[in-house]
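Next, two complexes with chain A in common: one pairs it with chain B, the other with chain C.
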Partner chain A sequence: MSPLLKEYLNKKVVLVTTSGECFIATLEGFDKSTNLVVSNLTNRFIDDDNTESNILSHVQLMRGSEIVACGLYEPTDQETAGESRYIVKAPTIHDTKNRVKDEHLVWMKVAEEKVHSTTKRRKLTK
Partner chain B sequence: MLPLYLLTNAKGQQVRIELKSGEVIEGELTNVDNWMNVTLANVNEYKSSDNNAQMEVLKSTEIYLKGIYIKYIKLQDDIISTVKQQINSNQNNNSGNKYNNRKYNNNNRNYNNNQGSGNRRNNYNNRDMNRRHNNNNYQQQNRRSYHHNPNSNNNNNNSNEYSRPSHDGTGGYVQHHTIFNNDNENKVEF
Partner chain C sequence: MLFFSFFKTLVDQEVVVQLKNDIELKGTLQSVDQFLNLKLDNISCTDEEKYPHLVSVRNIFIRGSTVRYVYLNKNMVDTNLLQDATRREAMSERK
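Now for the complex of A and B:
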(Lines of atoms letter the chains of each structure in order from A and count residues from 1; the text may use other names and numbers.)
(Lines give C-alpha, C1' and ligand atoms only; values in the text may rest on other atoms or scores of the structure.)
Protein backbone atom coordinates (compact mmCIF):
# COMPACT_ATOMS: atom_id res chain seq x y z
CA MET A 1 0.00 0.00 0.00
CA SER A 2 1.30 3.38 -0.92
CA PRO A 3 2.45 5.49 1.97
CA LEU A 4 1.37 8.58 0.11
CA LEU A 5 -1.76 10.48 0.82
CA LYS A 6 -2.40 10.37 -2.86
CA GLU A 7 -5.02 7.72 -2.24
CA TYR A 8 -7.05 10.09 -0.11
CA LEU A 9 -7.10 13.03 -2.46
CA ASN A 10 -10.48 14.64 -2.88
CA LYS A 11 -11.92 12.28 -0.35
CA LYS A 12 -13.30 12.92 3.07
CA VAL A 13 -10.68 12.37 5.73
CA VAL A 14 -10.59 12.45 9.47
CA LEU A 15 -7.80 14.53 10.93
CA VAL A 16 -6.38 14.42 14.40
CA THR A 17 -4.20 17.30 15.50
CA THR A 18 -1.61 17.68 18.23
CA SER A 19 -4.05 19.78 20.23
CA GLY A 20 -6.35 16.79 20.47
CA GLU A 21 -8.90 18.09 18.01
CA CYS A 22 -10.67 15.91 15.51
CA PHE A 23 -11.89 17.18 12.17
CA ILE A 24 -13.44 15.96 8.98
CA ALA A 25 -12.42 17.60 5.74
CA THR A 26 -11.87 16.97 2.08
CA LEU A 27 -8.23 16.51 1.25
CA GLU A 28 -7.17 18.76 -1.59
CA GLY A 29 -3.41 18.51 -1.40
CA PHE A 30 -0.44 17.40 0.62
CA ASP A 31 3.31 17.36 0.60
CA LYS A 32 6.12 15.37 2.11
CA SER A 33 5.96 17.11 5.47
CA THR A 34 2.26 16.31 5.60
CA ASN A 35 1.30 19.95 5.24
CA LEU A 36 -2.26 19.57 4.03
CA VAL A 37 -4.63 21.62 1.98
CA VAL A 38 -8.14 20.86 3.11
CA SER A 39 -11.54 22.17 2.22
CA ASN A 40 -14.81 22.21 4.14
CA LEU A 41 -13.26 21.54 7.49
CA THR A 42 -15.76 20.60 10.20
CA ASN A 43 -15.60 19.12 13.64
CA ARG A 44 -15.80 15.36 13.72
CA PHE A 45 -18.04 15.23 16.75
CA ILE A 46 -20.89 17.42 17.85
CA ASP A 47 -21.31 19.11 21.18
CA ASP A 48 -24.60 18.90 22.92
CA ASP A 49 -25.37 22.50 22.07
CA ASN A 50 -24.99 22.21 18.35
CA THR A 51 -27.33 20.13 16.33
CA GLU A 52 -25.35 20.51 13.18
CA SER A 53 -21.70 20.46 12.40
CA ASN A 54 -20.80 23.81 10.97
CA ILE A 55 -18.08 24.33 8.46
CA LEU A 56 -15.14 25.79 10.33
CA SER A 57 -13.31 26.81 7.23
CA HIS A 58 -13.76 26.47 3.51
CA VAL A 59 -10.15 26.25 2.50
CA GLN A 60 -7.34 25.81 4.93
CA LEU A 61 -3.70 24.94 4.90
CA MET A 62 -2.70 22.80 7.87
CA ARG A 63 0.88 22.59 8.92
CA GLY A 64 2.30 19.09 8.97
CA SER A 65 3.79 19.48 12.42
CA GLU A 66 0.29 19.88 13.80
CA ILE A 67 -1.11 16.72 12.33
CA VAL A 68 -1.09 13.46 14.19
CA ALA A 69 -3.15 11.28 11.94
CA CYS A 70 -5.17 11.40 8.77
CA GLY A 71 -7.45 8.64 7.63
CA LEU A 72 -10.36 7.98 5.34
CA TYR A 73 -13.67 8.93 6.78
CA GLU A 74 -16.09 6.07 7.05
CA PRO A 75 -19.39 6.90 8.64
CA THR A 76 -20.35 4.68 11.52
CA ASP A 77 -23.51 2.63 11.32
CA GLN A 78 -25.19 5.12 13.58
CA GLU A 79 -24.30 7.90 11.27
CA THR A 80 -25.47 6.35 8.07
CA ALA A 81 -28.64 4.96 9.62
CA GLY A 82 -29.63 8.14 11.38
CA GLU A 83 -28.84 10.12 8.24
CA SER A 84 -27.19 12.76 10.31
CA ARG A 85 -23.50 12.81 10.39
CA TYR A 86 -21.08 13.29 13.21
CA ILE A 87 -23.65 11.98 15.60
CA VAL A 88 -21.02 10.22 17.66
CA LYS A 89 -20.38 11.78 20.98
CA ALA A 90 -16.93 13.22 21.39
CA PRO A 91 -14.46 10.95 23.10
CA THR A 92 -11.66 12.55 25.03
CA ILE A 93 -8.68 12.95 22.80
CA HIS A 94 -5.69 14.31 24.62
CA ASP A 95 -3.16 16.58 23.09
CA THR A 96 0.35 15.39 22.40
CA LYS A 97 2.01 17.48 25.08
CA ASN A 98 3.08 15.43 28.02
CA ARG A 99 2.10 17.61 30.91
CA VAL A 100 2.79 16.32 34.37
CA LYS A 101 1.08 18.02 37.23
CA ASP A 102 3.48 19.98 39.45
CA GLU A 103 6.39 18.75 37.47
CA HIS A 104 8.74 21.11 39.27
CA LEU A 105 8.04 19.32 42.54
CA VAL A 106 8.95 16.03 40.95
CA TRP A 107 12.27 17.38 39.81
CA MET A 108 12.93 18.93 43.16
CA LYS A 109 12.51 15.57 44.75
CA VAL A 110 14.78 13.97 42.21
CA ALA A 111 17.47 16.51 42.99
CA GLU A 112 17.08 15.89 46.69
CA GLU A 113 17.39 12.15 46.26
CA LYS A 114 20.49 12.62 44.21
CA VAL A 115 22.19 14.75 46.83
CA HIS A 116 21.03 12.37 49.52
CA SER A 117 22.47 9.33 47.80
CA THR A 118 25.86 10.92 47.12
CA THR A 119 26.29 12.06 50.70
CA LYS A 120 25.37 8.58 51.90
CA ARG A 121 28.09 7.01 49.79
CA ARG A 122 30.68 9.40 51.09
CA LYS A 123 29.86 8.42 54.64
CA LEU A 124 30.33 4.74 53.89
CA THR A 125 33.73 5.14 52.26
CA LYS A 126 34.98 7.23 55.14
CA MET B 1 -2.30 20.62 -5.24
CA LEU B 2 0.81 21.19 -3.21
CA PRO B 3 0.28 23.33 -0.13
CA LEU B 4 3.23 25.61 -0.85
CA TYR B 5 2.15 25.98 -4.44
CA LEU B 6 -1.28 27.06 -3.34
CA LEU B 7 0.24 29.48 -0.87
CA THR B 8 2.51 31.00 -3.48
CA ASN B 9 -0.51 31.56 -5.65
CA ALA B 10 -2.32 33.14 -2.76
CA LYS B 11 -0.04 36.14 -2.72
CA GLY B 12 -2.01 39.32 -2.48
CA GLN B 13 -4.94 37.64 -0.76
CA GLN B 14 -6.18 38.02 2.76
CA VAL B 15 -5.20 35.16 4.99
CA ARG B 16 -5.77 34.28 8.59
CA ILE B 17 -2.95 32.44 10.32
CA GLU B 18 -3.19 30.75 13.68
CA LEU B 19 0.08 30.29 15.46
CA LYS B 20 1.17 27.49 17.70
CA SER B 21 0.68 29.81 20.64
CA GLY B 22 -2.97 30.25 19.70
CA GLU B 23 -2.63 33.80 18.50
CA VAL B 24 -4.25 34.71 15.23
CA ILE B 25 -2.68 36.94 12.63
CA GLU B 26 -4.71 38.33 9.81
CA GLY B 27 -3.25 40.13 6.87
CA GLU B 28 -2.45 40.25 3.21
CA LEU B 29 0.05 37.66 2.09
CA THR B 30 3.00 39.28 0.35
CA ASN B 31 5.54 36.51 0.18
CA VAL B 32 6.12 32.84 0.95
CA ASP B 33 9.21 30.71 0.83
CA ASN B 34 9.96 27.02 0.84
CA TRP B 35 9.86 26.81 4.60
CA MET B 36 6.47 28.52 4.70
CA ASN B 37 7.98 31.63 6.27
CA VAL B 38 5.57 34.36 5.30
CA THR B 39 5.50 38.10 5.11
CA LEU B 40 2.17 39.78 5.57
CA ALA B 41 1.05 43.36 5.06
CA ASN B 42 -1.61 45.38 6.86
CA VAL B 43 -1.61 43.03 9.74
CA ASN B 44 -3.94 42.62 12.69
CA GLU B 45 -2.96 40.41 15.55
CA TYR B 46 -5.51 38.84 17.85
CA LYS B 47 -4.85 37.14 21.11
CA SER B 48 -6.97 34.10 20.48
CA SER B 49 -9.10 32.64 17.78
CA ASP B 50 -12.44 32.57 19.62
CA ASN B 51 -14.63 35.39 18.53
CA ASN B 52 -15.64 36.20 22.09
CA ALA B 53 -12.22 36.69 23.55
CA GLN B 54 -10.81 38.54 20.60
CA MET B 55 -8.63 41.43 21.57
CA GLU B 56 -6.88 43.26 18.87
CA VAL B 57 -3.37 43.49 20.15
CA LEU B 58 -1.31 44.95 17.42
CA LYS B 59 -1.58 46.47 14.03
CA SER B 60 1.41 46.62 11.78
CA THR B 61 2.23 47.40 8.21
CA GLU B 62 4.40 44.38 7.72
CA ILE B 63 5.24 41.26 9.58
CA TYR B 64 7.59 38.32 9.03
CA LEU B 65 6.36 35.06 10.40
CA LYS B 66 8.42 31.91 10.70
CA GLY B 67 6.82 28.91 9.07
CA ILE B 68 7.54 26.51 11.91
CA TYR B 69 5.44 28.60 14.22
CA ILE B 70 2.31 28.26 12.14
CA LYS B 71 -0.53 26.02 13.16
CA TYR B 72 -2.74 26.60 10.18
CA ILE B 73 -3.56 29.15 7.51
CA LYS B 74 -7.10 30.00 6.50
CA LEU B 75 -7.34 31.04 2.89
CA GLN B 76 -10.02 32.57 0.77
CA ASP B 77 -12.88 30.27 -0.15
CA ASP B 78 -12.44 30.51 -3.87
CA ILE B 79 -8.68 30.10 -3.97
CA ILE B 80 -8.57 26.54 -5.21
CA SER B 81 -10.83 27.14 -8.15
CA THR B 82 -8.96 30.35 -8.97
CA VAL B 83 -5.62 28.58 -8.99
CA LYS B 84 -6.89 25.70 -11.05
CA GLN B 85 -8.22 28.15 -13.56
CA GLN B 86 -4.82 29.79 -13.71
CA ILE B 87 -3.17 26.47 -14.37
CA ASN B 88 -5.58 25.59 -17.11
CA SER B 89 -5.26 28.91 -18.85
CA ASN B 90 -1.48 28.67 -18.75
CA GLN B 91 -1.58 25.25 -20.29
CA ASN B 92 -3.68 26.46 -23.13
CA ASN B 93 -1.21 29.22 -23.75
CA ASN B 94 1.79 26.96 -23.67
CA SER B 95 0.64 24.04 -25.73
CA GLY B 96 0.68 26.13 -28.85
CA ASN B 97 3.95 27.85 -28.23
CA LYS B 98 7.04 27.47 -30.27
CA TYR B 99 9.97 26.34 -28.28
CA ASN B 100 12.30 29.09 -29.39
CA ASN B 101 12.85 30.43 -25.98
CA ARG B 102 13.95 27.15 -24.53
CA LYS B 103 17.68 26.78 -24.54
CA TYR B 104 18.74 23.25 -24.10
CA ASN B 105 22.38 23.37 -23.33
CA ASN B 106 24.61 20.75 -21.98
CA ASN B 107 24.36 21.74 -18.39
CA ASN B 108 22.15 19.24 -16.71
CA ARG B 109 19.62 21.43 -15.14
CA ASN B 110 17.02 19.52 -13.32
CA TYR B 111 14.02 21.69 -13.14
CA ASN B 112 12.40 19.83 -10.40
CA ASN B 113 8.71 20.55 -10.45
CA ASN B 114 7.53 17.92 -8.09
CA GLN B 115 3.87 18.16 -7.47
CA GLY B 116 3.22 15.09 -5.49
CA SER B 117 -0.51 15.03 -5.41
CA GLY B 118 -1.00 12.93 -8.45
CA ASN B 119 -0.06 15.65 -10.88
CA ARG B 120 2.77 14.82 -13.15
CA ARG B 121 4.77 17.86 -13.93
CA ASN B 122 7.67 18.42 -16.22
CA ASN B 123 11.18 17.83 -15.12
CA TYR B 124 13.41 19.39 -17.64
CA ASN B 125 16.45 17.27 -17.73
CA ASN B 126 18.99 18.48 -20.20
CA ARG B 127 21.02 15.56 -21.22
CA ASP B 128 24.07 15.40 -23.28
CA MET B 129 22.81 12.97 -25.82
CA ASN B 130 22.66 12.74 -29.55
CA ARG B 131 19.20 14.01 -29.71
CA ARG B 132 17.52 16.63 -27.71
CA HIS B 133 14.83 15.57 -25.36
CA ASN B 134 12.00 17.87 -24.92
CA ASN B 135 9.69 17.57 -22.00
CA ASN B 136 10.89 14.48 -20.32
CA ASN B 137 8.82 14.09 -17.24
CA TYR B 138 10.66 12.12 -14.70
CA GLN B 139 8.71 10.93 -11.80
CA GLN B 140 11.30 11.40 -9.15
CA GLN B 141 9.81 10.14 -6.00
CA ASN B 142 13.05 10.00 -4.13
CA ARG B 143 14.40 13.33 -5.11
CA ARG B 144 12.30 15.61 -3.07
CA SER B 145 14.31 18.65 -2.32
CA TYR B 146 12.80 22.06 -2.07
CA HIS B 147 9.44 22.51 -3.55
CA HIS B 148 10.31 24.49 -6.56
CA ASN B 149 7.34 26.65 -7.06
CA PRO B 150 7.31 26.99 -10.76
CA ASN B 151 6.60 29.93 -12.91
CA SER B 152 3.41 28.59 -14.36
CA ASN B 153 4.64 29.22 -17.87
CA ASN B 154 6.81 26.24 -17.56
CA ASN B 155 4.05 23.93 -16.65
CA ASN B 156 2.86 22.18 -19.72
CA ASN B 157 1.00 19.45 -18.05
CA ASN B 158 -2.70 19.12 -17.85
CA SER B 159 -3.25 18.85 -14.18
CA ASN B 160 -6.29 16.68 -14.57
CA GLU B 161 -4.81 13.77 -16.38
CA TYR B 162 -1.89 11.47 -15.89
CA SER B 163 0.87 11.44 -18.46
CA ARG B 164 1.40 8.19 -20.20
CA PRO B 165 4.42 6.22 -19.27
CA SER B 166 7.06 6.61 -21.91
CA HIS B 167 8.26 3.73 -23.98
CA ASP B 168 11.54 5.21 -24.99
CA GLY B 169 13.35 3.39 -22.25
CA THR B 170 13.96 6.39 -20.08
CA GLY B 171 11.52 5.12 -17.53
CA GLY B 172 9.85 8.45 -17.12
CA TYR B 173 6.64 10.02 -18.13
CA VAL B 174 6.66 11.67 -21.48
CA GLN B 175 4.21 14.16 -22.66
CA HIS B 176 3.68 14.50 -26.32
CA HIS B 177 3.66 17.97 -27.71
CA THR B 178 3.57 19.30 -31.18
CA ILE B 179 6.96 20.73 -31.87
CA PHE B 180 7.58 23.68 -34.05
CA ASN B 181 11.05 22.77 -34.95
CA ASN B 182 13.20 25.55 -36.18
CA ASP B 183 16.46 23.77 -35.68
CA ASN B 184 17.57 22.04 -38.77
CA GLU B 185 20.36 20.00 -37.28
CA ASN B 186 18.60 18.31 -34.42
CA LYS B 187 15.38 16.60 -35.10
CA VAL B 188 13.24 15.79 -32.14
CA GLU B 189 11.71 12.38 -32.04
CA PHE B 190 9.40 10.76 -29.65
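Now for the complex of A and C:
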Protein backbone atom coordinates (compact mmCIF):
# COMPACT_ATOMS: atom_id res chain seq x y z
CA MET A 1 0.00 0.00 0.00
CA SER A 2 2.21 2.64 1.25
CA PRO A 3 5.03 2.66 -1.26
CA LEU A 4 7.08 5.21 0.65
CA LEU A 5 9.44 2.66 2.18
CA LYS A 6 10.08 0.81 -1.06
CA GLU A 7 13.26 2.74 -1.79
CA TYR A 8 14.73 1.65 1.53
CA LEU A 9 14.36 -2.10 0.94
CA ASN A 10 17.59 -4.07 1.44
CA LYS A 11 19.34 -0.92 2.57
CA LYS A 12 20.67 0.14 5.94
CA VAL A 13 18.23 2.26 7.89
CA VAL A 14 18.24 4.14 11.17
CA LEU A 15 15.18 3.29 13.24
CA VAL A 16 13.72 5.37 16.04
CA THR A 17 11.12 3.72 18.25
CA THR A 18 8.37 5.21 20.41
CA SER A 19 10.23 4.16 23.56
CA GLY A 20 13.19 6.33 22.51
CA GLU A 21 15.54 3.63 21.28
CA CYS A 22 17.62 4.05 18.15
CA PHE A 23 18.92 1.22 15.96
CA ILE A 24 20.63 0.53 12.68
CA ALA A 25 19.34 -2.41 10.64
CA THR A 26 18.75 -3.65 7.13
CA LEU A 27 15.15 -3.29 5.98
CA GLU A 28 13.84 -6.58 4.62
CA GLY A 29 10.14 -5.93 4.36
CA PHE A 30 7.21 -3.74 5.42
CA ASP A 31 3.45 -3.48 5.15
CA LYS A 32 0.89 -0.71 5.07
CA SER A 33 0.79 -0.26 8.83
CA THR A 34 4.60 0.19 8.90
CA ASN A 35 5.27 -3.18 10.49
CA LEU A 36 8.88 -3.77 9.54
CA VAL A 37 10.98 -6.88 9.12
CA VAL A 38 14.60 -5.99 9.75
CA SER A 39 17.83 -7.94 9.85
CA ASN A 40 21.19 -7.44 11.54
CA LEU A 41 19.82 -5.11 14.16
CA THR A 42 22.47 -3.15 16.09
CA ASN A 43 22.41 -0.18 18.40
CA ARG A 44 22.87 3.20 16.72
CA PHE A 45 25.55 4.19 19.18
CA ILE A 46 28.05 2.00 20.86
CA ASP A 47 28.66 2.68 24.51
CA ASP A 48 32.15 2.87 25.86
CA ASP A 49 31.83 -0.30 27.89
CA ASN A 50 30.66 -2.57 25.05
CA THR A 51 32.86 -1.50 22.18
CA GLU A 52 32.00 -4.48 20.02
CA SER A 53 29.20 -3.87 17.57
CA ASN A 54 27.11 -6.72 18.83
CA ILE A 55 24.18 -7.73 16.73
CA LEU A 56 21.04 -7.57 18.83
CA SER A 57 19.07 -9.84 16.54
CA HIS A 58 19.54 -11.39 13.12
CA VAL A 59 15.96 -11.09 11.92
CA GLN A 60 13.14 -9.40 13.74
CA LEU A 61 9.67 -7.99 13.19
CA MET A 62 9.02 -4.52 14.55
CA ARG A 63 5.45 -3.51 15.14
CA GLY A 64 4.36 -0.44 13.19
CA SER A 65 2.85 1.20 16.25
CA GLU A 66 6.32 1.24 17.85
CA ILE A 67 8.02 2.98 14.93
CA VAL A 68 8.61 6.72 14.95
CA ALA A 69 10.88 7.17 11.97
CA CYS A 70 12.95 5.20 9.54
CA GLY A 71 15.77 7.00 7.78
CA LEU A 72 18.13 5.89 5.07
CA TYR A 73 21.57 5.45 6.63
CA GLU A 74 24.25 7.15 4.54
CA PRO A 75 27.36 7.14 6.68
CA THR A 76 30.04 9.73 6.13
CA ASP A 77 33.62 8.58 5.45
CA GLN A 78 34.55 9.22 9.03
CA GLU A 79 31.64 7.09 10.15
CA THR A 80 32.36 4.14 7.88
CA ALA A 81 35.74 4.08 9.58
CA GLY A 82 33.61 3.44 12.64
CA GLU A 83 34.51 6.51 14.61
CA SER A 84 31.49 8.60 15.31
CA ARG A 85 29.38 5.61 16.29
CA TYR A 86 31.65 5.31 19.30
CA ILE A 87 30.18 7.83 21.63
CA VAL A 88 31.07 7.62 25.29
CA LYS A 89 27.52 8.00 26.39
CA ALA A 90 24.73 7.29 23.95
CA PRO A 91 22.45 10.34 23.84
CA THR A 92 18.85 9.67 24.78
CA ILE A 93 15.71 10.50 22.90
CA HIS A 94 12.45 11.01 24.73
CA ASP A 95 9.63 8.55 24.19
CA THR A 96 6.43 9.67 22.49
CA LYS A 97 4.16 8.69 25.33
CA ASN A 98 3.81 12.16 26.85
CA ARG A 99 3.41 10.74 30.33
CA VAL A 100 3.03 12.94 33.38
CA LYS A 101 5.28 11.83 36.20
CA ASP A 102 3.34 10.52 39.23
CA GLU A 103 0.06 11.36 37.56
CA HIS A 104 -1.89 9.12 39.93
CA LEU A 105 -0.88 11.36 42.85
CA VAL A 106 -2.32 14.38 41.05
CA TRP A 107 -5.63 12.64 40.47
CA MET A 108 -5.71 11.40 44.05
CA LYS A 109 -5.45 15.00 45.22
CA VAL A 110 -8.21 16.04 42.84
CA ALA A 111 -10.45 13.29 44.17
CA GLU A 112 -9.72 14.27 47.77
CA GLU A 113 -10.56 17.90 47.08
CA LYS A 114 -13.81 16.87 45.45
CA VAL A 115 -14.80 14.91 48.55
CA HIS A 116 -13.94 17.91 50.74
CA SER A 117 -15.91 20.38 48.68
CA THR A 118 -19.02 18.20 48.56
CA THR A 119 -19.00 17.64 52.33
CA LYS A 120 -18.54 21.37 52.87
CA ARG A 121 -21.46 22.13 50.59
CA ARG A 122 -23.63 19.66 52.44
CA LYS A 123 -22.83 21.34 55.75
CA LEU A 124 -23.72 24.73 54.30
CA THR A 125 -27.08 23.61 52.97
CA LYS A 126 -27.95 22.08 56.31
CA MET B 1 -8.88 12.78 2.75
CA LEU B 2 -8.75 16.58 2.74
CA PHE B 3 -5.44 16.81 4.54
CA PHE B 4 -3.96 14.12 2.37
CA SER B 5 -4.73 16.33 -0.62
CA PHE B 6 -3.55 19.36 1.29
CA PHE B 7 -0.17 17.80 2.05
CA LYS B 8 0.13 16.68 -1.55
CA THR B 9 0.03 20.35 -2.57
CA LEU B 10 2.97 20.98 -0.23
CA VAL B 11 5.28 18.46 -1.88
CA ASP B 12 8.73 19.89 -2.75
CA GLN B 13 8.36 22.65 -0.18
CA GLU B 14 10.46 23.04 2.92
CA VAL B 15 8.72 22.17 6.19
CA VAL B 16 9.68 21.67 9.82
CA VAL B 17 8.20 18.61 11.51
CA GLN B 18 8.06 18.32 15.28
CA LEU B 19 7.73 14.76 16.51
CA LYS B 20 6.08 13.61 19.71
CA ASN B 21 9.53 12.79 21.12
CA ASP B 22 10.39 16.51 20.83
CA ILE B 23 12.78 16.11 17.88
CA GLU B 24 12.40 18.77 15.21
CA LEU B 25 13.38 17.99 11.65
CA LYS B 26 13.65 20.45 8.79
CA GLY B 27 13.49 19.07 5.27
CA THR B 28 11.90 19.09 1.86
CA LEU B 29 8.59 17.24 1.76
CA GLN B 30 9.10 14.45 -0.73
CA SER B 31 5.90 12.48 -0.45
CA VAL B 32 2.92 11.77 1.75
CA ASP B 33 0.42 8.91 1.96
CA GLN B 34 -3.12 8.38 3.23
CA PHE B 35 -1.97 7.93 6.86
CA LEU B 36 -0.10 11.23 6.59
CA ASN B 37 3.17 9.38 6.84
CA LEU B 38 5.74 11.84 5.57
CA LYS B 39 8.90 11.41 3.64
CA LEU B 40 11.44 14.20 3.97
CA ASP B 41 14.56 14.75 1.93
CA ASN B 42 17.75 16.63 2.88
CA ILE B 43 16.83 16.68 6.54
CA SER B 44 18.60 18.57 9.25
CA CYS B 45 17.89 18.36 12.94
CA THR B 46 17.35 21.73 14.62
CA ASP B 47 19.15 20.49 17.75
CA GLU B 48 21.91 18.34 16.32
CA GLU B 49 24.06 18.29 19.43
CA LYS B 50 21.29 16.85 21.55
CA TYR B 51 20.10 14.39 18.92
CA PRO B 52 23.05 13.20 16.80
CA HIS B 53 21.13 10.08 15.81
CA LEU B 54 20.18 11.39 12.41
CA VAL B 55 23.42 13.10 11.32
CA SER B 56 24.12 10.48 8.65
CA VAL B 57 20.52 10.39 7.46
CA ARG B 58 19.36 12.61 4.63
CA ASN B 59 16.17 10.91 3.53
CA ILE B 60 13.71 9.87 6.21
CA PHE B 61 10.30 8.26 6.51
CA ILE B 62 8.23 9.53 9.43
CA ARG B 63 5.20 7.63 10.68
CA GLY B 64 2.21 9.98 10.63
CA SER B 65 1.00 8.92 14.07
CA THR B 66 4.17 10.24 15.74
CA VAL B 67 4.00 13.73 14.29
CA ARG B 68 3.02 16.50 16.69
CA TYR B 69 3.25 19.55 14.44
CA VAL B 70 4.14 20.38 10.87
CA TYR B 71 5.31 23.97 10.68
CA LEU B 72 4.52 25.65 7.38
CA ASN B 73 5.43 28.95 5.90
CA LYS B 74 2.53 31.37 5.83
CA ASN B 75 2.66 31.86 2.08
CA MET B 76 2.49 28.11 1.46
CA VAL B 77 -1.15 27.95 2.53
CA ASP B 78 -4.15 29.56 0.90
CA THR B 79 -6.43 29.61 3.94
CA ASN B 80 -9.50 30.73 1.99
CA LEU B 81 -9.13 27.85 -0.39
CA LEU B 82 -8.62 25.47 2.52
CA GLN B 83 -11.75 26.76 4.24
CA ASP B 84 -13.77 26.28 1.06
CA ALA B 85 -12.44 22.77 0.67
CA THR B 86 -13.29 22.00 4.31
CA ARG B 87 -16.88 23.18 3.79
CA ARG B 88 -17.18 21.17 0.61
CA GLU B 89 -15.90 18.04 2.37
CA ALA B 90 -18.27 18.58 5.31
CA MET B 91 -21.18 18.99 2.87
CA SER B 92 -20.33 15.85 0.96
CA GLU B 93 -20.14 13.86 4.20
CA ARG B 94 -23.58 15.01 5.30
CA LYS B 95 -25.21 13.59 2.18
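Keep this in mind: the second predicted complex is superposed on the first by the 87 of 126 C-alpha atoms of A that agree within 3 Å, B and C clash if a C-alpha of one lies under 4 Å from a C-alpha of the other, contacts with A are read in each partner's own complex, and residues count from 1 in each chain.
In this section, contacts are C-beta pairs under 8 Å (C-beta built on N, C-alpha and C of every residue); 3 or more make two chains touch, one makes a residue touch a chain.
Worth saying up front: this structure is predicted, and the values here are computed from it rather than measured.
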Clash or fit, chain B versus chain C on superposed chain A: fit
Contacts of A:Leu9 with chain B and chain C, given as first, second, both or neither: first
Touched partner set for A:Glu74, first chain B, second chain C, both or neither: second
Touched partner set for A:Arg63, first chain B, second chain C, both or neither: first
Which superposed partner A:Ser39 touches (first chain B, second chain C, both, neither): first
Most chain A residues touched (candidates chain B, chain C): C
Touched partner set for A:Ile93, first chain B, second chain C, both or neither: second
Overlay on chain A, chain C to chain B nearest C-alpha distance, Å: 9
Intersection of the chain A residues that touch chain B with those that touch chain C: 4-5, 65
Contact set on chain C toward chain A in their complex: 19-23, 31, 33-35, 37, 39, 43, 50-63, 65-66
Contact set on chain B toward chain A in their complex: 1-7, 20, 36, 67-68, 70-77, 79-80, 116-118, 144, 147
Interface residues, chain A side, partner chain B - complex: 4-6, 9, 28-32, 35-37, 39, 57-63, 65-66
Residues on chain A engaged by chain C in the complex (per definition of touch): 1-5, 7-8, 14, 16, 18, 20, 22, 34, 44-45, 64-65, 67-76, 79, 84, 87, 91, 93-96, 98
